[in-house]
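Quick one: this structure, given as structure tokens, is what I'll be asking you about.
By written order: A, B, C and D. Residues from 1 in each chain.
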Amino acid sequence: MEIMQLLSVLILLSCFVLVANKRTKSYIRTFQAQSALLAIAAFILGMENLSGHGAIEIMFVCLLIVTLKVYYIPKLLSHTFANVDYKVEKNFFYNIPLLVLVSCAIAVFNYFSISSAIGGKPTELGMYLANSVSVIFIGFFFMISRKKAIGQIVGLLVMENGIFVAALFASGGMPVLVDVGIFIDLITAVIIMGIMVFKINEELETTDINKLKRLRG
Amino acid sequence: MISYLLLLPLVSIVAFWLAKRASQIFALGIAAALIMLSAGVKLSIDVAALGHVNKRYLMNFYVDSLSIIVLDLVLAVSLFVIIYCAGYFKKELERGKTDIKRLRLFYSLLFAFMFSMILLLTTPNMGIMWIAIEATTLASVFLVGFENNKRSLEASWKYIIICSVGIAIALLGIILLHISSIGIIKDAGTDLSWTYLYEHAKELDVNLLRLAFIFMLVGFGTKAGLAPMHTWLPDAHSQAPSPVSAMLSGVLLNNAMYGIMRGLAILNKAMGSGSFAGAALMALGLLSILTAAVFILTQRDYKRLLAYSSIEHMGIIALGLGVFTPASVLASLMHMINHSFTKSMLFLSAGNIYQRYGSKDIYKVKGLYKSMPITGVVFMLGIFAITGMPPFSIFSSELGMVVALFKNGSYFAGAAFLFLLALVFVGFAVTLFKIFYGNAKGEQQKSLKPSPYADIVLVAMLGVITVTGVFMPDGVLKLLTDAQRIVTGG
Amino acid sequence: MEMASLEKLFSIMILVYLIGAVAPLLMKRQQALANHITGVLCSIGGILGLSLSLTKLSGNANDMLLDTASTNIPYLTFSIGLDNISAFFILSLSLLAITVSIYSMGYVSHYYEKNNTYLLNSLYAIFITSMIFVFAARNMVTFFVAWELMSLVSYFLVMYESEKKETLHAGTLYIIMTHIGTAFLLAAFAVIYAYTGSFEFTAAAASLPEGIKNALFVMFLIGFGAKAGIVPLHIWLPYAHPAAPSHVSALMSGIMIKTAIYGILRFVFEILGADVLWWGVTILVVGILSAVIGVAYAYMEGNIKRMLAYSSIENVGIILMSIGIAGMAAYAGNAVLEALALTAAMVHCFNHTIFKGLLFMSAGSVQYATHTKQMDELGGLMKTMPLTGLFMLVGSLSISAAVPFNGFIGEWLTYQAFIVSIGSAIGTSSLAAVMGAASLGLAGALAAGCFVKLIGICFMGSPRSSHAQKAKEVPAAMYISSGFLALLCLAMGMFPRPLIGIADSAFYSLSGVSISQSLGGFGVAPVFSLSLDASNITPLAAVIAGAAAALAIAAIMTAVGGKRQSRVYNTWDCGFERLNPRMQYSSTGFSNPIGIVLKLLFRPVRELQIDEGSIRYNPKSIKYTLKTERIFEKYMYEPVSEFFSRISVIAKISVQTGSIHGYLMYIFVTVFAFMIYNTLV
Amino acid sequence: MADLAYYVIQMALFILIAPLVGGIIKKIKAFTQKRKGAPVYQVYLDIIKLFTKDTVVSNQASWVFTATPYIVFASAAAACAFVPVLPGIAMKPLPGDIFMVIYILLLGKFFMAISGLDTGSTFGGMGSSREMMISAIFEPSLIVAVITLGFSAKSTSLGDIMLHSARLGPAIVQPSYMLLLVSLVLILIAESSRIPLDDPSTHLELTMVHEAMILEYSGRYLALMELASLIKQLIFITIIANVFIPAGILVYAGSGFAVLMVSLLAYVAKVAAISVAVACIEASTVKLRFFSIPNLAALSFIASFVGFLQYFTGGGN
């Protein structure tokens, strides 16, 4: 399964690209690309399952990924942020190279902690897990490093992607009902967040989340 | 019975949008909640008799003693809150703070919120459970932001982001749980089924399971408001309308703890000892109590203060789960029940106070006994109840907790627990007691007397926490011990 | 009496109190009626309690289980019963309840204008009931629940006059200190349960390791000490006791702080065994500190009720001294000394209940008549309120341990215990005993000074304000009840034997020795006397001798000088002729010498403001203020509370910053910390 | 009945001798000041004169003012009953011990202090305040001394303590007893309001303590007050005399009238000797500043406490 390993590494790499980005558009594009990679992986796995024991679930998941994550959500996000936000994010807590370095550190840390946690021997499962957990935490870290609302939404989506990586690569897919449920939640969450971004923009005339500091203590 | 529970909220949501007048919405809400509670009670009688109830509609539904306790709590507290809402929103409508459309929205979201919690508690599938938990966040985020101002917007943004992140981490945990079971799943229908996993816990891959539990602990812990993932909680609880705060604190947090309990049961059975998870849970529990104690000490906003107190009580429950002896888990379960009633009562009283005084600042509220005798007395006794004074119910579970801690040899934890409880009490005393005395200033308007609905609810809840403080029916005890056995095994 | 009938008596008593608690709630409007109903019912309850406890004390010494009730809640089993120790405390409670209830029928009337006396009445009855349950509890859970109920109800009673500014502070401080103490008690009970698996009152010493036993002792000392008001846990007491309505203060000072003494006896002596030397020495030292520091602050106090509250701290100290000696005796295995010391403690405990109740009631009468508690606004009340004055004088003499009043009996027994303890083989700890005796002497003398001030400033001389001028004697219910207690003070001072016999039999179970035999008799026939080996006293003989001498001298004077006239004239004023009441010694002036001598304790700050005006030697006004610091609050509690509030403020601004990025970071770090934990464990 | 007679005689003896002691002290003082002084019986004459005078009572005073002289006198007289002049005589131990004596005297002191405040005069308050302070700071040393004596005699009965001293005989000259003696002499001076603590012969407001309290009294009331304080002084002198100079104590009822008389004379001689000593101390010192008195109290306390230690660590006998 060389190709699967390659895909999992590519997905991880796309995270680094994401962290290195500054533009709202490229956040969305990178996310789109990452979702596409995920969809490819799902497709391969789905074909295998379909030919193997005639199970169609993963192909269905693949379809969902393509429609939602590759097509609908990026479109929704572009649409939302087209009107409300700057195109380029300028203010960072730390500069980009440092952020990339931290992301590397996260990946390395995950690699060691996961592999030692599941027995210490390098296995395929360990690699997939380490990669997917890294995706999740780099996505998480991306949320922390970006001040704008878009960064937080994309970060959350990347985390979800990471979880799908884990589900697909390491476990060969979840029960389909669960997958569908997760997608419904995901799309609802993105829509709600989109609505809230509008409201925040209305109230504060910016989507800089770092300015939401009224509630303290 | 499960079908009633699942369908009724959905039907009511439709009905709310058909209703013409506010009073219809109120009546409908109360009726639905009443029916649901009676269904819940019927279900618990079945569960007490049979051990568990298994149904299959579209997917498997499964209710055992553990989930029925939390479920009944959801239904009972919701009933109180919905009755209270009738009085609360009548006032809000009179003052023009809201209109019928927003009222419909509120009720629909409230019932959607309830639906997701009922789903959460009736499914055996960990994946569906996760979906339901995420759905609770999504359903309640607009409820938190219902007042639609800058502060509530900020609170709801923090609420959705932090909880979603947390829940995402929990999902990773559930997936790891799934991965750990790949080798042993024989038939397709049992994927991620808790009962199956629990039965075969010994065969699961322990290394993965540990990792899974950690992610679930952090994830569900975020939702449960355990420090240091609690940060959304004071904001959301203080900005939400008081009935929603009561639901969040009294009900939602329990559901997240329920998730932790399910994960914990599997892990500890697989590992054969509770020490790995125990240390983590106790650390988080004590940290939560400490955080609450420190933050309460100089708090000026009474709703935030109550919110921190919820963090404290979630910490106590976590502490009990961490000790993981039958006695401590039983105490945790009891504490969950007692805290739900007491805290939602306090939030509802706080709602009355807020409606009357228009401020959440402790320094702007004075002379509560004189201006609102019933609310004032209930609130005062509620404070004593929440800080663990007999004869109220929280005392009994805290007593159980302390004994369990010392019995287990956790002297440090026991001592720290008592010290922090005392500190919390000091915090309540120095911050909150002053609102009861003195004379209220001129702003008390006659029209703003709390409605009889609100007073009835408060008095009834005070009755509940007093009676449960000194008496427990046999059936409840049986359910509790069964639930405790489910968690601890054996 | 049969056990069944005792049980019935107990239930009837509780029922009577509860009716007394509920009745006023049903008639909120008829305040006077409700007040009288509660008063009458509570005094009936007191009479029932009196007969109950006397029956128990005169009957067999076995424990009696009256009732148990099991809730399904784990650990929560209620159990009520009586043994002689409980009966002894219920006896003093009931005696006080009778008189205070009668008193309250008059006293509460001046609250009618507040329109909520029904609350006061109801809480008052519940308060007494809760204390009965504290004494009658047969297991730790029951004890704890009753204890907390008592604290809660007394808090509400303290807060009754909540419209006064200082009340909030007093109440909050009180409930906080109580709660801290309670936390220690709960911890101690849980530890005992952890080792013995039971909450029952059974000797647990054997099953506890040494270290745990020591820790438990410290917990009990702090837990009960906070309620008893031992130094340095006393800070709430001088605020809370004066803030409560006076009849409640009488109960609080008279009997509520004794619940802590009861607790120490029950838990440290009965359950832990008290056979560790340093326990006894610690209790003794704590007693010394409380006695001396309590009375020293009392001496400086200008508020009548606060002075009485400080004096309660002193008396708790005296009681604890004897208990400390008893602990040392238990260690040395000297049962006779233990019995003697316990008897001394209990006699003083009982007497203190009587005279402190009397004093608080009289202080309440003064407040009732003059609407002030400040000594410097009073004066000359002996002429306008002769009965109240007389009874307060009796109370003051009792508490100063003057012969032939009852306070002396307890102190005498305590001195005897000290002397016997020096002689018994406790080694150098005897030095603590001598220091104890010296402190008791100092405390006694200072207390006498205090009460000279109280009587001298409030009741003697001429009125210092219009309040005092307009004072009238209080209603009959109030002076009758005070008078009854005053009579008791005198009677028990002259006939101490019955009380000593009762106290001795009550604590027989702890020491295993009865000393009333050796306190037996000396035989000038009708004269009750005490004796301990060779030392024995007969207060009654002193009275007879004194009275005879006074009569004789009066006769001689008449014989020598004939009948002589007595002329009424102005007080000698050195020819100044404009002597006015403001020139009398004030309470501040009275206590100033001691203030200067004990500078270390008070850190007096003096301020003299002179407005000189045009002519230097004829200043317009001179204002002298003397402030004393409460060093325990300033150097012990304030830093702690400041520390915690600083921490809290710092945490609030640096943890809950409002930044969602920071919040996410906490989760991030937590996950990583747990992952590291996972790899390490 | 014999006991009763004994007490009556003893009380009468005290009351009769007490003014004499005052006279002796005054006389000695006069000698040291190169004066002839009034005759030693002058005090009797003064008291009898006062008996025949009318009294003036302040219009501010309450009943306490008039009751006080009787109570003060009664308390002093009652205390006499428990201080054996000839401890061997009593067939049975006296029904009162040293604590009782102290606390009977307290009753009188209490009334004296409140009556000082009763007339609304500033002097009275000053006297009461100072008196209570002095008695408070001397109390610890008194109690420690008493405890030590009681401990060594295994009884706090004064009779037993005195008999114990008598059994010791010359062995009483040991460090512990001598230190206690120092302490008790200081207490005697304090309690009987003498120089250097107080000056009974002055009426200067800055210096007086005892006199300030009784300033308002006149006539027979004053006589009673004076008599009471003389009795009190004699009580302390008697205690010192019989405890620390145990000569002539060991006389029993069976010893015959002559022996009895001899020992009574011995007692009077001892009392006279101590009076002389007190007078000498008074004549050779000056009155202390009021706030230096605590130093004297501390000295007294140290003396008695070290005395106790000497006794306790030395095993005692």
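By definition in this document, a residue touches a chain if its C-beta (ideal position, glycine included) is under 8 Å from a C-beta of that chain, and two chains touch if they have at least 3 such contacts.
Everything quoted here is computed from the prediction, not taken from an experiment.
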Where chain A and chain B overlap in contact partners, by chain label: C
Chain closest to the middle, measuring from C-alpha centroids that were averaged per chain: C
Pair exhibiting more inter-chain C-beta contacts, A-C or C-D: C-D
Distance from the mean Cα position of chain C to that of chain A, given in whole angstrom: 69
Chain centre separation (chain C, chain D; CA means) in Å: 35
Centre-of-Cα separation between chain C and chain B, whole angstrom: 44
Centroid spacing, where centroids are CA-atom means, of chain A and chain D in whole angstrom: 99
Sites on chain A at which at least two other chains make contact: 117, 140, 143, 152, 209, 212, 214-215, 217
Shared-contact residues (touching 2 or more other chains) in chain B: 157-158, 161, 165, 169, 210-211, 234, 295
Residues of chain D engaged with two or more neighbouring chains: none
Full enumeration of touching chain pairs: A-B, A-C, B-C, C-D
Touching residues on chain C, where the partner in the complex is chain D: 379-380, 382-383, 386, 389, 393, 396-397, 400-403, 408, 411-412, 415-416, 418-419, 422-423, 430-431, 434, 437-442, 444-446, 448-449, 451-453, 455-457, 459-462, 522, 524, 527, 529, 533-539, 541-543, 545-547, 549-550, 553-554, 556-557, 560-562, 564-573, 579, 581, 583-585, 589-594, 596-597
Residues of chain A that touch chain C when the two form their complex: 93, 109-110, 112-113, 116-117, 137, 140-141, 143-145, 147, 152, 209-210, 212-217
Interfacial residue positions of chain D with respect to chain C in the complex: 3, 7, 11, 15, 48, 51-60, 62-64, 66, 70-71, 73-75, 77-82, 92-93, 95-97, 99-100, 103-104, 106-107, 109-110, 113-122, 124-126, 128-130, 132-133, 135-144, 147, 150-151, 154-157, 160, 215-216, 219-220, 223-224, 227, 290-291, 294, 301, 305, 308, 312
Interface residues, chain A side, partner chain B - complex: 114, 117-119, 125, 129, 133, 136, 140, 143, 149, 152, 156, 159-160, 162-163, 166-167, 170-172, 174-175, 177-178, 181-182, 184-185, 188-189, 192-193, 196, 199-200, 203-204, 209, 212, 214-215, 217
Residues on chain B engaged by chain C in the complex (per definition of touch): 157-158, 161-162, 165-166, 169, 210-211, 214-215, 217-218, 222, 228-229, 231-232, 234, 276, 279-280, 291, 294-295, 297-298, 327, 330-331, 334, 369, 384, 387, 389-391, 395-396, 399-400, 402-403, 405-407, 409, 414-415, 418-419, 421-423, 425-426, 429-430, 433-434, 436-439, 470-474, 476-477
